[in-house]
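Each in structure tokens, the structures are laid out below.
The following pair of complexes shares a single chain, subunit A, combined with subunit B in the former and subunit C in the latter.
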Partner chain A sequence: MIVQSIFFYLFSLIAIISAIMVTVSRNTVHSVFFLILDFVSISCLFIMGGAEFLGMIMLIVYVGAVAVLFLFVVMMLNVAQQENEWFQSKKGEKSSSSHIPVGFLISVIIFFELVIVIGGWKYKPEITNNLNLQLDIGITNTHSIGAVLYTEYIHLFQISGMILLVSMIGAIVLTYRKREGLKRQSYFNQISREKNSGVELVEVERDKGIKIDV
Partner chain B sequence: MINLNFVFSEIFISISIMFLLILGVFKNRSSNLIYNLSILSLFIILISNYNLFGKDELTIFNNSYKIDFLSIFMKFLVIASGIFVMLSSSKYLKLNKIYKIEYPILILSSILGMMIMISANDLIVFYMGLELQSLALYVLASFNRDNVLSSESGLKYFVLSALSSGLLLYGCSLIYGFSGSTNFDQISANITEVQYGLTLGIVFIIVGLAFKISAVPFHMWAPDVYQGSPTSVTIFFAILPKIAALTVFIKFLYVPFVNLIDQWQIIIIFLSIASMLFGSIAAIGQQNLKRLMAYSSISHMGFALAGVAVGSNEGIQSSIIYISIYLMMNLAFFSCIFMLRRNNEYYEKIDDLSGLSKNHPILSISLLISLFSLAGIPPLAGFFAKFYIFMAVIEEQMYALAIIGLLSTVIAAFYYLRLIKTIYFDKELEKYDTNHNIGLRVSLAISTIIILLYFIYPSSLLAIISNIKVI
Partner chain C sequence: MTTYFQTFFLETYKIFFLVLPVLTAVALIVWLDRRVWAFVQKRRGPNVVGPFGLFQSLADALKYIFKEIIIPATSNKIIFILAPIVTMTLALIAWAVIPFDEDLVLANINVGILYLFAVSSLGVYGIIMGGWASNSKYPFFGSIRSAAQMVSYEVSIGVIIINVLLCVGSLNLSDIVLAQKNIWFVVPLFPMFVIFFISALAETNRPPFDLPEAEAELVAGYQTEYSGMMYAMFWLGEYANILLMCAMGSILFLGGWLPPIDIYPLNEIPGYLWIITKILLLFVLFALVKAIVPRYRYDQLMKLGWKVFLPFSLFYVVLTSGFLLYFDLLPIK
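Take a look at the complex of A and B:
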């Protein structure tokens, strides 16, 4: 029991610190890294709480896809250095490009939501706990989802696969372009090149030079 | 144990999509091969689907997938028109440099989505099929991505269609909430009284479906998308999704909600009247043939919906006959548009038809037949289609609907006849090319002959369709 508590506090501490670092960090790339750390610690918490399927999905979807996508976008758009001051934009820029007041408002709202949810859960358990489900402790989440997903809903599972395939094909069709005039290395051509195709003897006139660019 | 013979077509088409994709990736310059192989695989599923005729109806996959006469017949129509569309458009694709390996694969996946939609007996399955087919259609609409109009049409269709899918999904959730099930049969068993939540859900789903068949007032996308997309995609848009969406209309309204007919009948009547009138009136000012066909298809969908609104088996049967003949007429008309080619460039304005009869008598005769049939002039097939609809409507004493339908037929006849006047009596232009490929000739010949000779033996189609009984 004591080990579990230690782990719980460890993961929670990391999650909270990295969440703070996401907002505080001046470098956007660092923020994304902290975001990934945050997701990982939270998925660890989920797994400890017995929701292993949710934890793994979080790891795959948020860390594997969403956060990496953020990282690519941030690196490509070249917005790594955030230059704004905390509450006002830099001198010379009159536009109110500071996001802090809005972000602060939203976090206050989220905080009050959490207070309400947790307060209700603490003092009036029947507000949130009105599930009538009969839960079997012996069967894991993954097992029970799999038991219906691959039997009763197998056709839906397959159709979703087809939908994802079509969306992938569509994205490639609409964006992929073969670039013209691209020079590619061909080992075969390089090795099989003969002397008389590569070397040419030219007479150079005195004081005039020669253009060797072909 | 599920009998997989009954979903052989769906499984086969999925496997051929994946196989053709892999083939296209590893073999260079294989677009011609893949195009022909996908036509071949459509032929195979057409035959396997034909073998299902006459089998008893059954539901599989936990009652969520129904194989009955209606779904087999509609799938047959979808696959057959898919074959004709692909046969007639290969030359167009080559000349417009969009003859890529992905094109037939997207067509196949869209057809797969339509087959799933048609057979669905469950809200979730229906929605997944709908998404599969529209996802492929978004890409097809903007397939000619270097063309501004094509990209615009794809984007417009994507945004509006996503919105309508959202409405539809919201309707599904309301129905699930109020009836406690997503299964059509189960919903029908659970409904004991009229609840406003259910009615609201039905309205949302009707809105989503009306968008897919471009019924007024959810038609705004159709003219732009028809005009902007490549013509080979326009013909696909004009025929296949309408068949699938009309089937879903019939199944959705008549299986779970047949007892709530008082609630939805008036909505369908409104959609029908508005589409008939608007489609006929707005088409008058058009100059582009594809845009004209968009308005014409809006008006034709109004007629098909009039059959659905009746609320009897005769009404549904007449509406299915209507859509079968509609697809033949559209096929004939668009094949003629594909033939308007001069020096490897395609023409699609009404003025380009001017004096066509002097240089191309056979093409003009085919256009004449398809236009007369679209206008509903006897003894061509289009007349019979409208005739059955009016019969079914009058049998249920819905005289207002019948009168407005007749009125809009008269208005629509004006612009079809104006096209014929342009073809036969206006100043002639330069000659068009005549070296068309065999697939285009075959599909034009077959569709024109069916339209022309339908009156000799009309009971052939009637006998098949009279087996469809939904109520």
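Take a look at the complex of A and C:
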């Protein structure tokens, strides 16, 4: 048990320190890297707790896809600009410290939600017991998650999928605009081009040249 | 306490005997790649150092070790140094779950295929970190390209894996191999095998999809600023990843350690020889593709990933599950 607890505290320590570093590091890209470290150590904690499916999904979805997109956006920002703007307020502009009350309010709300959830779970365990979920010890947790998710909660599961789909379509519709003068390649037109329409033999007058209109 | 130390030393011993062959194989595979490439182009390839030029990679490695490592003054030093280490580590840790025979596997975990998928999707970080930390235009372009490319092709690889898992009913790699006792999945899922192979090319940044390091446009892409041993680590990690993709392909579709037919002389050959043969076969295909196919344009690459492979493999998931359901062949009732 000693080794397990050593690793548990190691991963939790890394998770907490990197979570703090996400908020305090000056470079935005470093913040994203710390966020990735945080995700990885949390998935290690999941695996240690025996939830290997959740741990792996955490790695694939958050580290493998979401954080890459984060990084993608953050790297596009101007590096020199990021480092100054957030910590030194320019004249006449609102300084970043004006965001602090809002952030503080949100963190207080999240903290109380956590207190309520954990307190309820600790002192009223019967709340979680009335879900009628039978836990079968013999099967792997991938199997048991699937057995619950696709039977009991199939509607919730599909609704959440639809919400994601709608938000994706919304984002595409909001940002999509037709640009003028864009040259696109059409495979069909390319392949169906014939010699008659593509090539033309022209008599060119000397010293005059010829005007080609495309 | 002593049992902990015993386990620790036993596992270290096992890891040592896994990592050493993998690294040797990477050195030899680079030689094989260059030889195949040369033979297609009617050249000789590396044939001077050692018999048939077999020690060429070792000579190259020696050269890289003695070269100076140059760290650009304007780079972000910690991330710059971390990038090749990340690439190399991720390429090596994935081998922990690859089964070479019925019991010849370092970690026989329940979610083996998810682990492989997760590790291969983390591989993009080495490239992004290297490209960003170099603080230079070409590496940055290379890393941005590769981020988009790898994320896109991962999606289709994920859907292809779902196809295989529908036929297996387990995420364990040994179970996936054992499910192919009667027929290798390459036969019923042949279109998926082809798409997996092409996606693997894109995922490992191999030609014709080597746009992150397209030398005609981007010098060497994300590796431009790297030199000496750090460059060699990128290069080793890249080839270890290619081998890993070949191993994944042979486990998912070519029956892993199983012989083609279960008859006398074939089933006496030990399983690890079969899987090594299959990995080599796939690798020669990788090398041939490098030699004979011209590079894609970037928008064509994206179009292929999102508009061709993704819809087709999604359609195949519906087809596979419908077939299994209709003929009552689902592995888990």
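Keep in mind that, in the parts below, the second predicted complex is superposed on the first by the 121 of 214 C-alpha atoms of A that agree within 3 Å, B and C clash if a C-alpha of one lies under 4 Å from a C-alpha of the other, contacts with A are read in each partner's own complex, and residues count from 1 in each chain.
In the analysis below, a contact is a pair of C-beta atoms (placed from the backbone, for glycine too) under 8 Å apart; a residue touches a chain by one contact, two chains touch by 3 or more.
These numbers come from a predicted model, not from an experiment.
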First, second, both or neither for A:V66, with subunit B first and subunit C second: neither
Which superposed partner A:F53 touches (first subunit B, second subunit C, both, neither): second
First, second, both or neither for A:I163, with subunit B first and subunit C second: first
Dominant toucher of subunit A (residue count), subunit B or subunit C: C
Touched partner set for A:F33, first subunit B, second subunit C, both or neither: second
Partner chain(s) touched by A:L174 [first = subunit B, second = subunit C, both, neither]: first
Which of subunit B and subunit C A:H155 touches, first, second, both or neither: first
Residues on subunit A lying within both footprints (that of subunit B and that of subunit C): none
Subunit B residues touching subunit A - in the complex, by the definition given at the top: 14, 17-18, 21, 61-62, 64-65, 100, 102, 105-106, 109, 112, 116, 124-125, 128-129, 131-132, 135-136, 138-139, 142-143, 145
Subunit B-facing residues of subunit A, complex: 152-156, 158-160, 162-163, 165-167, 169-170, 172-174
Residues on subunit A engaged by subunit C in the complex (per definition of touch): 3, 27, 29-30, 33, 36, 52-53, 56-57, 59-60, 63-65, 68-69, 71-72, 75, 79, 140, 142-143, 185
Residues of subunit C that touch subunit A when the two form their complex: 4, 76, 79, 109-111, 114-115, 117-118, 121-122, 124-125, 128-129, 132, 135, 140, 144, 147-148, 150-151, 154, 158, 171, 299, 332
